[in-house]
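Below, chain A partners chain B and then partners chain C, in two separate complexes.
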Partner chain A sequence: MATFVVLAVVMVVGALGVVLLKQPVHAALSLVGTLLTLAVTYVTLEAHFLAAVQVIVYAGAIMVLFLFVLMLLNVQDTGPRRSLPGLRWAAYAAAVVTATAIAAVAFWDGRPAPDPAVVSLHLQGGSAGGIGDALFGELLLAFHLVGVLLLTGVVGAVALVQRRAESAHGAPKGTGLPAGRDAADGKARALASGGRR
Partner chain B sequence: MAESLLTVFLKALLLAVALLGAFAYMTLIERRILGRMQHRIGPNRTGPFGLLQPIADALKSIFKQDILPARADKFVFVLAPAISITFALAAFGAIPGGPAGSLFGFDPWVVDLDIGLLYVLAATSMGVYGIFLGGWAANSKYALLGSLRSAAQIISYELGLGLSVLTIIMIAGTLNLREIVEIGVWSVSPWLWPGLAVAFVTFVISGIAEVNRTPFDLPEAEQEIVAGYLTEYSSIKWALFQMAEYVNMFTAAAFMSTLFLGGYKGPGFMNALIPGSADWPIVWLVAKMAIFMFLFIWLRATLPRLRYDQLMRFGWIYLFEVALGAALLTGAVIAFVL
Partner chain C sequence: MNLPPIMGDLVVLVPVVTLVVFAALTLLFGVFTRERAALGGLALTGVIAALVFTVFLWLQARAGGVAVTALGGAFRGDALSYAFSFIILIGAGLAVVLADGHRVRLQLDQPEFHPLLLLAAAGGLVLVSAGDLVTLLLGLEIMSLAVYVLAAWRERSRVSEEAGMKYFLLGAFASAVLVYGIALTFGATGRFDFAGIAAAAAAPDFAARGLLLLGALFVLVGLAFKVAFAPFHQWLPDVYTGAPTPVTAFMSVVVKTAAFGALLRTTGTLVDALGVGPIGEVLPAVLAVSIGLTMVVGNFGALLQSGVKRMLAYSAVAHAGYVGLAVLAGGDAGVQAASYYLFTYTFASVAAFAVLLSLMDDDDRGDRLERLAGLGRRRPWLAAALAVIMLSLAGFPPFAGFIGKAVVFQAAIAAGHAALAVLGISTAVVAVVFYARVVMTMYLREPDAHTPVARPIPRRTAVVMAIGLAATVVFGLFPGLWLDWIARAPWWSAGF
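Here is the complex of A and B:
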């Protein structure tokens, strides 16, 4: 229990860091820390396979891609943006209400927890075999549905980017492009003509 | 056999010291072999055969001025080398050095995990953060380019690595490295040899790419981007990155030996020469690792570096498909032939 409290505190602090840190790379790093702590929590629950997959997939691959994009685009905090008045406080309130609701459901659930013996029998020492049997047996339909859902997400993302690229390409020069890009074009032209002189 | 926490801690400490000592002398061995391959002599002035050279290098690294770039992100800049070396050392812990209880009554490994194979992959995949963040935090263009290259490269070649490992997992039916060695993947059936042979080649290639060695050393390509992510590092932080690189090489070599070459088991005919010698702990693993370490050095002296587009095309179009083919072939053999 003491281990769990320490891990939970680290995780909550990490999660708050993701939201509150100004520098996007720091926020992403904070998320990496949170995911790693979650993996350690899985280890304390004897779910070794889940912990390893958590580290390999989330911390090792997805977050590296996140950071890759952040560094490639050199995203910086550009100061306060225009938004609805009070949106920030509404978001805080919504987060607190949701967290309280989840905690209430988790701690005041009337149903008895499953017997530890049954749980450990199903986990089989947290090995890959047990999870594989469950995923490709009992939960096969759900597993396939999640696959379809992810595919939908990928197709949707490609479709969104595709349309924007086409419209930017087909638009007449000087319109439809963000102002910054026009300015950059102008600067590049000025540089090029300066070079010719 | 459950061992006390103190024993595990002492073994981990011993392993870390051994790896760092091996790192120091590996730099000397590498420079000597490279010298020979390029018709030079190599460092041989400091002590007999240059044996004191690593000590001189270590002292120099420690006493050099430690420069912190003024515009760097200081916290991340200092954190990055620590991440690199921590995960590099942690990854080796799960690799078994011999049968249970063979090392003077102790188990020759730090931890025996049921998911040892995934643990090594996870720990090495976390190591990329060191390189990646180090280059970003330096706030220098060359360093950032090195970081971006390193991230793209490691993500791309992890696919080849994972699919090659899949062949082993299907044959052995376990993720425990000790059990994989005990099963002996080559002895299961001759029908599996083609798949295994292809997977071995793709695994070694992706392994070399994962540890950023020539011809895949684009993150620190010194002719193009100075030293990549290392550009702004100096003194002991630079040395920590070097340590991490060499320890990662050791881990890669040990991982390749454990999965494909029978790990800690010696060749059977050695028992005929010296009875029981095939079961000696550590010795055979180190011998097999030495073969791979020599291969890494040999490649560095021989091959030119890949261009970035070649690297990406090779990883995504050839290596990935070939490794996938080997995994599918092995799966088909297991399903229909055996």
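Here is the complex of A and C:
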């Protein structure tokens, strides 16, 4: 229990950092902290395979992707944004109230934890077998639908990037675009042609 | 035919698989051929094939020949899923034909357009057939991801890019809320499938009713975003206006029908699971407030618009409110009323956007009401078509829109929501004003020198308009064609 509390506190602090830190790279690093702590939590639950996947896929691959995008886009703080007065504080208040309500209901109304012996039996010592059973048994349809979802994402991404590149090559129809827009087109075209310049 | 049990199960998945296969085929064709005109035909073939399979399975299921669930309950082939799949596929087919007629002008002939349309429809079918919350989420994401891209399709158009971006960011946020709701529901009941949730909540020692309520509210918010219940409707006017008009037509029928199918199933299960008592009353109350707000905001918002496309967008919000009454009524009567409303709305909405397409500029802009001035004399047939559709959407007898509102109000009153039904009827009177304004501009206002002349209608668009009109009149005069047909079906939507 004590381990869990420590891990939970680190995780929540990390999550708050993602939202509150001003620099995008700091926020991304804060997210790494949360993801790694989550992996450790999986280890304490004896879900070793899941922990390894968590580190490799999320803390590894996906975070690298995040950082790549951040560096490519060169995100900067563009100064204060126009918004309704008080909106910021209303948003903070709403977030705090919602979070408190969820936490209160979860503590007050939680289901009793199942017997640890049953859980360990299901987890099969944290090997890949249990996950395989779930993926190709109970969640077979969901597993295949994720494939369709990824296909949709890839086709959609290609459609958006490809279109830009095509129109940039072809005769410019609508003129009067700001110069920055053309530079962005050039970047998109470079990406579409695999970085060849 | 003696299929092994697992194969017998999988038959229920055939319409979805057909759409995905045709999406892949269209994609491959797009790569290997420059003949872009063929892609629309191929996509339409896929939709029609899926429609034929759906009808076949529906008939088989009514005769008791096909299993109601597949893959351990993850996918359901019940009356709700077949009825809504049928409506989705008809809407998708009409939208494909509509897009095809204006393909070159609106730059819809990139090879990725039709695959995305088919994948979105496949996601919609999964959404209305989902037997558990994981499948539901995946169906929703497949559909949404494709539509985000389609909304941003117009090249070099800030409005379209804004539409896609806005829809994507807000949609991603709504999906996150939905995922959170699913997690909380799982935390309360330990199950993802609707039958399991109902069973767990019915157990005498079920203690986590508060947690289940919290999960249900989050799930409701996630789905309310997709069907555009107020106050989660704010993305809709901008996205409908910014997207290419054929895509707007697609969204107003396919996305809406699919999201309502999921909403009917989810609220049906969760309201029952929460039971009676103070906790059980929260979810219907929240839903009722949101629906009342939707009807008011949608109709008064439409009243203030000067663009026809934007007016139709706000009226889509208002219609979501009326279907919401059927959702709130729940039960078999609610599901049947909602299916009739959405079925007839599909035809009317696609036909309205089809007329609008022939009035707008080449670059899909310019939808101001003044453009319609004098249309009654210049293009009498086009004007008559638009007039019939507007009157049907406003709820005038003898058109289908009238019967749709009648069955929905009837279901709401029968379920004890008389006050909300009265609010619905009064806002429907407001709706008459802005629909009648379109008709009056066409027939009473004189065109001036700036009024552009409507372009000739491509034959395919004329077919869409004719189908939409015919269905609006026929199903208005003979509502029993649909209502009796679905009422005779054994309904498995409630009480698994």
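Everything that follows uses one rule, which is that the second predicted complex is superposed on the first by the 136 of 197 C-alpha atoms of A that agree within 3 Å, B and C clash if a C-alpha of one lies under 4 Å from a C-alpha of the other, contacts with A are read in each partner's own complex, and residues count from 1 in each chain.
We take it that a residue touches a chain if its C-beta (ideal position, glycine included) is under 8 Å from a C-beta of that chain, and two chains touch if they have at least 3 such contacts.
This is a predicted model, so every value here is computed, not measured.
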| item | value |
| --- | --- |
| Which superposed partner A:29 touches (first chain B, second chain C, both, neither) | first |
| Contacts of A:105 with chain B and chain C, given as first, second, both or neither | second |
| Contacts of A:6 with chain B and chain C, given as first, second, both or neither | neither |
| First (chain B), second (chain C), both or neither touched by A:72 | first |
| Partner chain(s) touched by A:61 [first = chain B, second = chain C, both, neither] | first |
| Contacts of A:149 with chain B and chain C, given as first, second, both or neither | second |
| First (chain B), second (chain C), both or neither touched by A:95 | neither |
| Dominant toucher of chain A (residue count), chain B or chain C | C |
| Touched partner set for A:158, first chain B, second chain C, both or neither | second |
| Touching both chain C and chain B, counted on chain A across the two superposed complexes | none |
| Chain A partner contacts - residues on chain B that touch it in the complex | 73, 76, 113-115, 118-119, 121-123, 125-126, 128-129, 132-133, 136, 144, 147-148, 151-152, 154-155, 158, 175 |
| Touching residues (chain side chain A, partner chain B) in the complex | 23, 25-26, 29, 32, 36, 48-49, 52-53, 55-56, 59-61, 64-65, 67-68, 71-72, 125-128 |
| Contacting residues of chain A [partner chain C, same complex] | 101-102, 105-106, 108-111, 138-142, 145-146, 148-149, 151-153, 155-160, 162-163, 166-167, 173-174, 177 |
| Residues of chain C touching chain A in the complex | 13, 20, 23-24, 27, 70-72, 74-75, 110, 112-113, 115-116, 119, 122-123, 126, 134-135, 138-139, 141-142, 145-146, 148-149, 152-153, 155-156, 184, 187-188, 190, 207-211, 214 |
